[in-house]
Structures are given as structure tokens and as C-alpha cells.
Amino acid sequence: MKRIPVAVLGATGAVGQRFVQLLADHPWFEVTAVTGSERTVGQPYGEGANWVIPGDPPPAVARLTVQETQPNLDVPVVLSALPAKEAWEMEPWFAEAGYAVVSNASSYRMTADVPLIIPEINPDHTGLIATQRANRNWPGFIVASPNCSTTSAILPMKIFQDAFGLEAAIMTTLQAISGAGYPGISGMLISDNVLPFISGEDDKLEMEPKKLLGRFEDGQIQMADIRLSAQANRVPVMDGHLASVSVQLGRPVSGSEAIEALQTWCPPEICAGLPSSPGRVLIYRQEPDRPQPRLDRDTDKGMAWTVGKVRRCSVLDLRYMALTHNTLRGAAGGALLNAELLVAQGYIKM
Amino acid sequence: MKRIPVAVLGATGAVGQRFVQLLADHPWFEVTAVTGSERTVGQPYGEGANWVIPGDPPPAVARLTVQETQPNLDVPVVLSALPAKEAWEMEPWFAEAGYAVVSNASSYRMTADVPLIIPEINPDHTGLIATQRANRNWPGFIVASPNCSTTSAILPMKIFQDAFGLEAAIMTTLQAISGAGYPGISGMLISDNVLPFISGEDDKLEMEPKKLLGRFEDGQIQMADIRLSAQANRVPVMDGHLASVSVQLGRPVSGSEAIEALQTWCPPEICAGLPSSPGRVLIYRQEPDRPQPRLDRDTDKGMAWTVGKVRRCSVLDLRYMALTHNTLRGAAGGALLNAELLVAQGYIKM
Amino acid sequence: MKRIPVAVLGATGAVGQRFVQLLADHPWFEVTAVTGSERTVGQPYGEGANWVIPGDPPPAVARLTVQETQPNLDVPVVLSALPAKEAWEMEPWFAEAGYAVVSNASSYRMTADVPLIIPEINPDHTGLIATQRANRNWPGFIVASPNCSTTSAILPMKIFQDAFGLEAAIMTTLQAISGAGYPGISGMLISDNVLPFISGEDDKLEMEPKKLLGRFEDGQIQMADIRLSAQANRVPVMDGHLASVSVQLGRPVSGSEAIEALQTWCPPEICAGLPSSPGRVLIYRQEPDRPQPRLDRDTDKGMAWTVGKVRRCSVLDLRYMALTHNTLRGAAGGALLNAELLVAQGYIKM
Amino acid sequence: MKRIPVAVLGATGAVGQRFVQLLADHPWFEVTAVTGSERTVGQPYGEGANWVIPGDPPPAVARLTVQETQPNLDVPVVLSALPAKEAWEMEPWFAEAGYAVVSNASSYRMTADVPLIIPEINPDHTGLIATQRANRNWPGFIVASPNCSTTSAILPMKIFQDAFGLEAAIMTTLQAISGAGYPGISGMLISDNVLPFISGEDDKLEMEPKKLLGRFEDGQIQMADIRLSAQANRVPVMDGHLASVSVQLGRPVSGSEAIEALQTWCPPEICAGLPSSPGRVLIYRQEPDRPQPRLDRDTDKGMAWTVGKVRRCSVLDLRYMALTHNTLRGAAGGALLNAELLVAQGYIKM
């Protein structure tokens, strides 16, 4: 089978490197173009990218010449790991030029006619692509994936919303260093320390779930009516975002009832056929000391949610802890899964 | 002035070492006896204690011979850093034998006739000593200090309770390694990791504030009527417990009103004269990225609370972050301050 | 093909867990018995082992009942992850009872008639098994693998010895936390710290290379005549031992000549067919900042040596840095490779 | 007594902040001017400096306006924490304009007529100031202090050189994160990792000791004739550089003889009167697991050397481990001590 050629925009950064790594030997996609910052344009990718993850760049990509981020790439699909500001400028140009833009950037997540997608949560929201094209007269489109911290917390919320109704959530996150990219956070700041601040993160945690958990109706997203309160923290852990969440539900629910809801939940059928889908989407751990970033982040290729410590909350209804790998499920892996969903749904043609 | 001789019980452990360190050159107290585990009994303290904090044991104490923990020590006051189980057995024997037992152990914190004290919060609760003596016919007494994680979170709660009323709190803590003592947590577990479980800690966080914030009336503590929900986490930070807290108040309060309440709060007058009182009891930091364990834990000799990020919570009323040094304010320093309070109040005679 | 049943001795510890993990789906071996400490005997392995590495125990092994470490196991081969003291007692009993004992323990490494093996270094030293059996009248035998720190440093030494002669080496190691097993080192000791002491490690580093680099002649090992000086340090890194080595050679050698020797070196032919052999045994990195534990330890399934920074030493002849994964190549993986070598050499029968 | 007004050049960086911190309440000097990067010029120091060390800037300095680094400051003495390139340009202008330039920068350390000073090692080398002034016709002068890694290793070398003769040294360093300044090293690079490369550091370690241990004769430094070989590593430790050193001496020396030389060594008399001199310059620890960065770096206000593990080396003569605090003794504290020495010697007038 011929693979779909894709370009990775911003391929030299930390998330771009993860895209390149995940796309090596991908059954549906093949990286045939990479773009990077001015400093790296014209260099072979293997030299321009300062590879900061274990292993080496796949040789086929290492040989590609880094190009400028311009909508003149000979591919139908671009995976965007651009910084927010650059994404803000460039992604619409790509969509206007006919590209399918599958983005990990924050720029258009909350834009009304841009789908914000996690395939296991709201695959039907891609219906918004029609609205987007109609509004903007674009042959291409933009599809966004949520913030890595939102991703950690969201799946139990979704399951509880469906099972019991969801009214409010109070979140405190413990986020990994790699979430800030490279060079990202100074070693001097994060060593032997916690930083109780990640710029813009609390707002994302308080907004994105409303869209992800909203309903697609009449060509629009009806935002979920949930009150959200978030405090994001950076902890000295390499990978893996942990969320400590208390939720208020539509009715009182016991811990065991909630655990059963998690354990019996099934992802939407369309997810099963996507190459990057994890074998198990949600793993519920009974041990009192799980999930843990180091032990659980890589489960099922870093694409699973590990959830634990579901129990009654004496103030709201339930508490839980949830973990995902922030640069895999929470960034490059999540966006790649979105691209696969778009193929399965016919928005991207094989 | 002649100093009061004191013994440190369990002096060879991590908290015991902090007691010894803090009591070097203390104006009111002098360590004249130390007790330790079977392994160390009979050795000079300087050899028996495997000193795990920076610096060396004070020479005068290093020369003391480690004794068994038995109520035959020639001192009127014992500072207890015993493990909970041993404290459970031994502390009553000491009280029965006439000693003033100022304890850092968890064993009797929630016992109805044992005062649980932070001098800046509830110095009047020492009135319970009379009840305790009456109930048990003890010439001595036991006074407890709270858990290190409770300590981190409690001061803003107290101030908000007084100013606005306090109905509920949801807490997620990020606690330091040293809180588990020595050897404590395996390096293999905590490196590059978060442990979302500290045995018994959630219960302590959900119980102790009710007593600390209760009212002393008719010789008893009326527990505060507050709903509390806690999730304790261990993070790879050496010292300094951070608490992320959302509170529900008696009435809606703006962030700035709450900050003003913190900034204008004054500790009880009796605290001013205690040698271990910090210059500033509460420091409010305006920066969005404070408090931080590494930068703030040692403020005012590790005895201050650093608070920041007070703002509206979209689910309850307010959020805040608070930090204290867990082995200083949250353990040995806090218990020592209690001993000083007991001197100032006349329960311990100079 | 029928797989050879093996038992893992000391299977519940950190190295034992790695054995179990590596043996899942092994083409030649199948774990059919596990032994553990008194505390765990009689429990299903999945419950008795406090699993401290990512992932879960393989289900087939998780169901096995943990047995006592006694030579009554129904297998021809035992892989020993016993603590040194227990190995000292038990391994000879197993050999006497006819078992092939492939050990990761330090107990018999320097015993004259016990082969100390790294297949890529000295596969012919297994010839010593005949001597061992003759000396002791054992139907079985013991084969040892070297210390994890020795392993890190040794391969370039071997290659330089063969190419240029080797007279002396000065080593400083930077060793990972996992090398101490579980619970191993207290988190309080190793956080934000270096421990310049690992009990017995300097001696191992100064002895084992003489045996590994020795010659097997007339049924004995002629120890290599090399002067060795070592300083072992523990650093706050999870996995991956790094060795900083200066060597004195038989003749002056330029950096590029030495690098060429490394790059053109080929492992003994017998290694190619062993299932756990890495694709590349030695990777030479040209970058000035490699090898690095986090980036290089997992290369080729954690079984490769990564070497870098080969250059002239102004005092001896050459300097280099070498890295291996300490619990894979340096422990369980290395011992498993020895077991495979013994199959290939016919000492263990399929 | 009136204090000497000093300016701190590059006061907003990490070393500059240490200068400011150490000069608060200094008995001889008073900071009356601070300079900083373009971004910070014109701001109050308290706002321009992004304070990355515990505590807050001293209020008196926090109120100073950050100035450009130009030789128009109304002080006789400047303490330079400038980056190397800027120091290269600016320090000669200051000397030419009559300032006493006491520098922590690397730019002129190896310049023939610039004294490279550690007061306890070579206080007489300030005699080179006369040569410098004669050569360059400067009313002021430049005095340099060595690299932080050189500092860690040097004191035992000096003592052994004096006692036994010193011919060669092989060094492997384990250096702290703070040595790279702020923001310095990416948290993503250094977490759970060792970086076996610090740009330019090996060269500094192989050159600076020759000058520090050289002889001042006839207005010049005769470089010490020592062969030096160095491998610098960055480890995930906040503060404290550790050096693992093997030395070849003028004659064979036993470990105990060497330890005695260290323990009986006395610093030059002039050091005793300098305000920043530590009470004990060198602490020899008998424990096999010392020195350790976390436990020993702050000894005697971070100005002491902690040395341990002196023993025979089987290849050269002796091995040892030495530690100093890299931003105190190894940077700002060391340079400040140089300024104090220059006062005591009359090069700077009170």
C-alpha cells in the first residue's frame, strides 16, 4: 500500500522530534518533508535537529533537507509542531492552500469552527470541518489536539460525564519537564524544586475540557456546562503528567461504582482500527500508589491513560489521579492519532 | 540564666537530628540526654547517629551517650521524635512519670484530651492540659504538634476562617522526600517520579485541621465543622511541603480581599517572645511562580509560611498555594516552638 | 522448538525482575520456577514481587508460586539474582546437584575455577568449566558475570589491549541508583547529591578486569598484568553506569587510531547467534557530549556499549568515556547472554 | 569605619547575585553600583534581576538602578561577574580608567601579567600587578580568580606539591548545575542524566593549576611543571563541584602521610584577617563516603574545601576526592576573598 506523504512543521523541536520518531515505519504515513527554524533551514535534518530524545533520527528523515515553513510542500497533510505564535500565522495559510493541517499547537484550539479532538473522546467533532470550510472557504482545514495537561485529566471526566453527569472539577496537576520543550525550563529552576506556575496552563485546563466534552449539534460545538478550576505545577520528572482531580457529578456515586464505569468503558469503535491506538486505552490500577509517572507513562507505547485512586471526595463527589505521557499521548502521539482518525473518517484520502 | 535540661527521644533519626541541631545554643533549653534505638544505645551520639543533614552534630551532644528510651532521664522536659508505634507506648509512661512530653509523633494528635498545637494558630488549646491531667491523674503531660503536611496548608485556612468563615477545603500536596525520614523512601522509587500515596497522610490532612481550627471551650476542643478532602503526593524534592488548596468560605471573597487578610494578619502576641518564632510568620509573595520549595523553604530559618497564588476558584471560593519547611516548621522546629510556648505559658518552669 | 525450562533464583528483587522481564518470550528459555525471600515464599509471583520497573510481570510468571531457594527445582538451568551472601551458600549446592548456575552474584567471580564471562570479551573462558568440575566433582557448574561497573569500562579496554597492549587504567565511575537494587539507596541520601562510595565496588573494579582480560591456558586463567585504580561514585541517575577512564597502553596511540580500533572491532563470531546479542555491540559517538545515560542507556535493548570522547591523555596515553545500562547489559541481560553462550557452546543442552 | 564603595559588573546574573548576597553587611565593602544587560539597564535592581537563589536581594541593593557596564562608575573597585566575552572587552577599559578589577571571568586568567589568585594558595602572585601596570601603563589593574572546577581540585594539589612534589594529576569532575549560570543548562538535558562535556572546562582544568601552583619570580610567574589530564562532567546536583583526582608525586607517599599533610597544613597568615575566610579552610573527613555535595558544600559558609578518600593509587601515587561550593568558594566568594586580600596587601586602599 502506498503511504500518504506528510510534512512535519517545526520538526526540529522536541515535539517535532517525537512526530518524526513515531512516523518511522508508520503504516499509513511517510515523512517526506520537514520544516524548521531559520537556523536549521538548508541543513540535513539529522544535523539541524539537536536530537534530545533517546535514540537517533530515522535515517530516511535524517537525510531530508530542512525547509522553510511555507505552504509549498509537496504533501497533502502537515503535522504541525510549530510554536503557538508561528502556528497562529502559518496554519491558516496551509489550510487555505489546501493542506490538511493536523496541529499540536495551542493557537486554534478554542476557535469556534476548529475541531479540538481526542479520538477516544469526541471523534464526531470532526464534523466541524464542514463548518470551518464553509466559513472560511478553505479547501484544506485545521484540526487541533488539546494541551498535554488537559489530556491527562480528561478521559475519566468524559466517562463520568456519560455515566453520571459532570458539573465541576478541581484540578491540581504535576507536570513533567519535557512538557516545556527544549531547552524549555532551566535546570537551575527545576532541580530539587516545584514550580507552581506554567504560563497559560491554568486557562487551558479550565477551557479545553468544556469543548472536548461539548456536543456537536447543528454544525457547532455546544460547550459543556462544567465549572473548572486548575492549578498547574511543574515537578522534576522527565515525562508524564499527573492530574489530581476532584469532580462534582450529576448524582452521588460510590468509589466502586465509579471504578466500574472506568473499567467497563469502551472507546468508540472507530478507534480500534487506528494504528497508533493503544491496546488498552484506559488502565485502572487498584494499588494505592498508582499511577506513577516513571512506572506508568510508557504503558502501551505511551498512548494509554493510567488512572487510580478513585474514591469519594468529602467536599465534591469523587477524587481520582490520572496520568498520560505528555509528549506521546499528550502531544505528538495524540495529534498523530487525530491524523489517523481523519483518514479513517475520509477527511484525508489514502 | 540557667537553661532547662531537656532530653530528645529518638534523637538518632532524621527529626531527632533536627531537634539536636535546633537546640544547639538555644537560650532556654539544653540537651543533656538523648535516647535512640537498641542499635545505638551505649554509643556516643556522634557515632550512633548517622547524621544525614548538612553540618555535624553539636560537639556537646555528640559526646552524650545514647540511652534507652525509658522514663528515668534526669530532665523535666522530653522532646519526642519517636516513631509512632514507640511513641504510642512510651509517651504516656513519661507523662505519668512527671515529664512534660512535647511530641512530634502522630500517636496522640487526635486524642481528645491531648492538645494539638501550633502557637500561631491555637495557643489557647494548651488549656486542655488541665483536662488531660485530671482525666489521667498524670503529673506530667503530652502536647502534640501536627503532621508536616497539615502544617503547610493550615495557616491561610486559619486566617480565612477568622476573617470569612471556612466551610470546606480540597487539598493536593506535593511533599518532600525528607518527610519520610531516613532511610525513608527508596531512591529507586522517587527518582524521576511522583508517588501519589503517603501512608495515612490523607487521613491526617482530613482530620488534624478540624482540631487545630476548633474552639477550646469548657475544657474541651469543639472540632471545627469543615469538610476536608486530601490527596498527598511525594515529589522528588529534598525539603519543603507545598499544598495546593481550594477553600469554600462563609461568604464570597475576592482574591485581593483574601490577600489583604493574609497580609494584615498578626500572630498571637505570646508568639513574639518565643526564641524560635520567625521574624515574619507569613510571607505573601505576589509573583505568579511562588512559593517554590527551593527558594522559599529556608525563609526565616525555615519557620515561616510562604503563601502565594491566592485567587478565585471557579468551583469553591478561593485557591492558594502554601509552603513550609517540613522538617523545621513542620516537625522539629514546630515542636520546639511548642515547648517554648509551654515555658511562656508557665506549663514548663524555667 | 521446545524451550529450556529455567528457574530465576532471587526473582523478587530488582535484578530478578529484570531476568523475568527479559525472559518473557525468550526463544530458548522459559521461566518455570521462581524463588524468593522467606516473606514471599508461597505467594503468586505477581503478588510477592514488588514490581519496581515499568510495566507488569509477564502473566505466565505472575502466576507461578514463589518457592524457597533450594536445589529441588525441576529445571536444568538456574539464573541467579541472589544477594552475595545467599549466593555464596546456595550456588555451590545447586552446582553440586547438577544445575547449570548462571549467576549475576559477586560471590564467585574471582574464584580461580569459576569462569567470569562477557561473551564479547572472553567466550573461551568457559573452558574453565572442565577444571571446575574436575576440582569439585560437580555434575553442574557455576558461571559468573562481572559487576555492572566493570562491565561499563571493560570493552574499550579489551579492544585496546588487543590492538595496542594495555598496562594500566585509572577509572572514576558515575553509577546509577538502580545499581543498588531495591530499596537500595535512600532517596534522602542521593537526591541532589553524589555519594563517593559504593561498598566493595572499587575492589571489584580493580580486580575483575584482570580476570576478564586474562588468558585461558592449560585449564587456568592467567590474570592480565594491568595496574588498575578505581573510584566509584553514585549519582542521581536512574539507570546507566558511566565510566571515565584513562589508560596506559603498550605504545603511544593517537586518538584517531584508537577510535578506528573501536570502530573496526568485531565481536567473536559466536555472539552473532545469541538471541540477546545487540545489533551493534559497540557504538562510538563522535559528539563531544556523549555518551549520556538518559540518551544512550537503552540503545539496542540496553545491551550495547556506547563509547565516546576518546582522546589523548596528558598523563597516561588515552582517555575515554563508556556507558552501559547497569541492570540490562550490566546485570540480568549480561547473565542471560552468558546462559545463551553456554547453550551455543553446548554446556547447556537444548 | 567607612566602607569601600564597590560596583558589581554583571550583577543580574547568577554569579552577580551571589556577589550581591555576599556583600550585604560586608565589613569592608559596600555595593553602591550595579551593572547589567541591556534588558535590565534603568530598572531597579530588585526588578531587573530575576533572583534565582534563595532569599531576596538585600533591600539597599534592590533599590539601586541597574547601569550600563561602562567605566564611569563612582567607585574605586569593581567586582566582575561579566560573561567571558564582555569581560574580554570591558575589564581592560576599567583597569585603564583606574579601577581595581577583581574578576570572576575566565577571560584573562591565563594572561601572563594578570595574577590568578586563591589567597590560600598563592597570595604572593599579586606581585604581578606591578608588572601588569608597567606593561600596560594602567593606573588600575585586573586580578582574576580561577574556574570553579579548578578550585575544587587545587588545594590538596598545593599541599602535596609543597610536601612531596607534584608531577601529574588525572582529574574527573562531577560538577553542579549552578556552575552553568542561569538559565544555563536545560532541565531536559540534565534531569536523570550526566553530561560528559562542559565547553572549555577540560582546558581550564589542564591549564589553570599550572599557573596557580607556579612561582612568582622576577616579576613573572614560572608555571609549575605538572602534567594534567581532565574530564569534566555535569551531574544533576544543584551546588557543589566534586573532583576525583589521582596524583603523581615527587616520591612515594602513604595515604596516612598524605592525610597528615592535609591535616597539619596551615593557610598563609594573611588569610586569617580576611572577612570572608572560612574558620576552617580545609576539612578532612575520615568517613569513606565523604565529601558529598549536599552535606559538605555549605560548610563554613561555603568557603571551605572538604577533602576525603585520600589513599594509594595503584597507577599513580595517590587518589583523593575534593569538594567546594562552586558559586561561593568557586566563584563569587573566591573573587570577593581576592578583593579582601588586595585590601590587606594595600593594593586597594580603605
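Chains: A, B, C and D, in written order; residue numbering restarts at 1 for each.
Quick note on the criterion: contacts are C-beta pairs under 8 Å (C-beta built on N, C-alpha and C of every residue); 3 or more make two chains touch, one makes a residue touch a chain.
A quick note: this is a predicted structure, and the numbers were derived from the prediction, not measured.
Of all chains, the one whose Cα centroid sits at the greatest distance from that of chain B is C.
Looking at A-D and A-B, the interface holding more C-beta pairs in contact is that of A-B. With centres taken as mean Cα positions, chain B sits 42 Å from chain A.
Centroids built from CA atoms put chain D at 47 Å from chain A. Chain contacts: chain B has residues 52, 191-192, 236-238, 294-295 touching two or more partner chains.
For chain D in complex with chain B, the residues that touch the partner chain are 52-55, 191-192, 238, 294-299.
Interface residues of chain B, counted against chain A in their complex, comprise 168-170, 172, 174, 191-197, 206, 227-229, 231, 233, 235-238, 242, 244, 246, 248, 288-295, 308-309, 313-316, 319, 321. Put simply, chain D touches chain A in their complex at residues 14, 52, 177-178, 180-192, 236-238.
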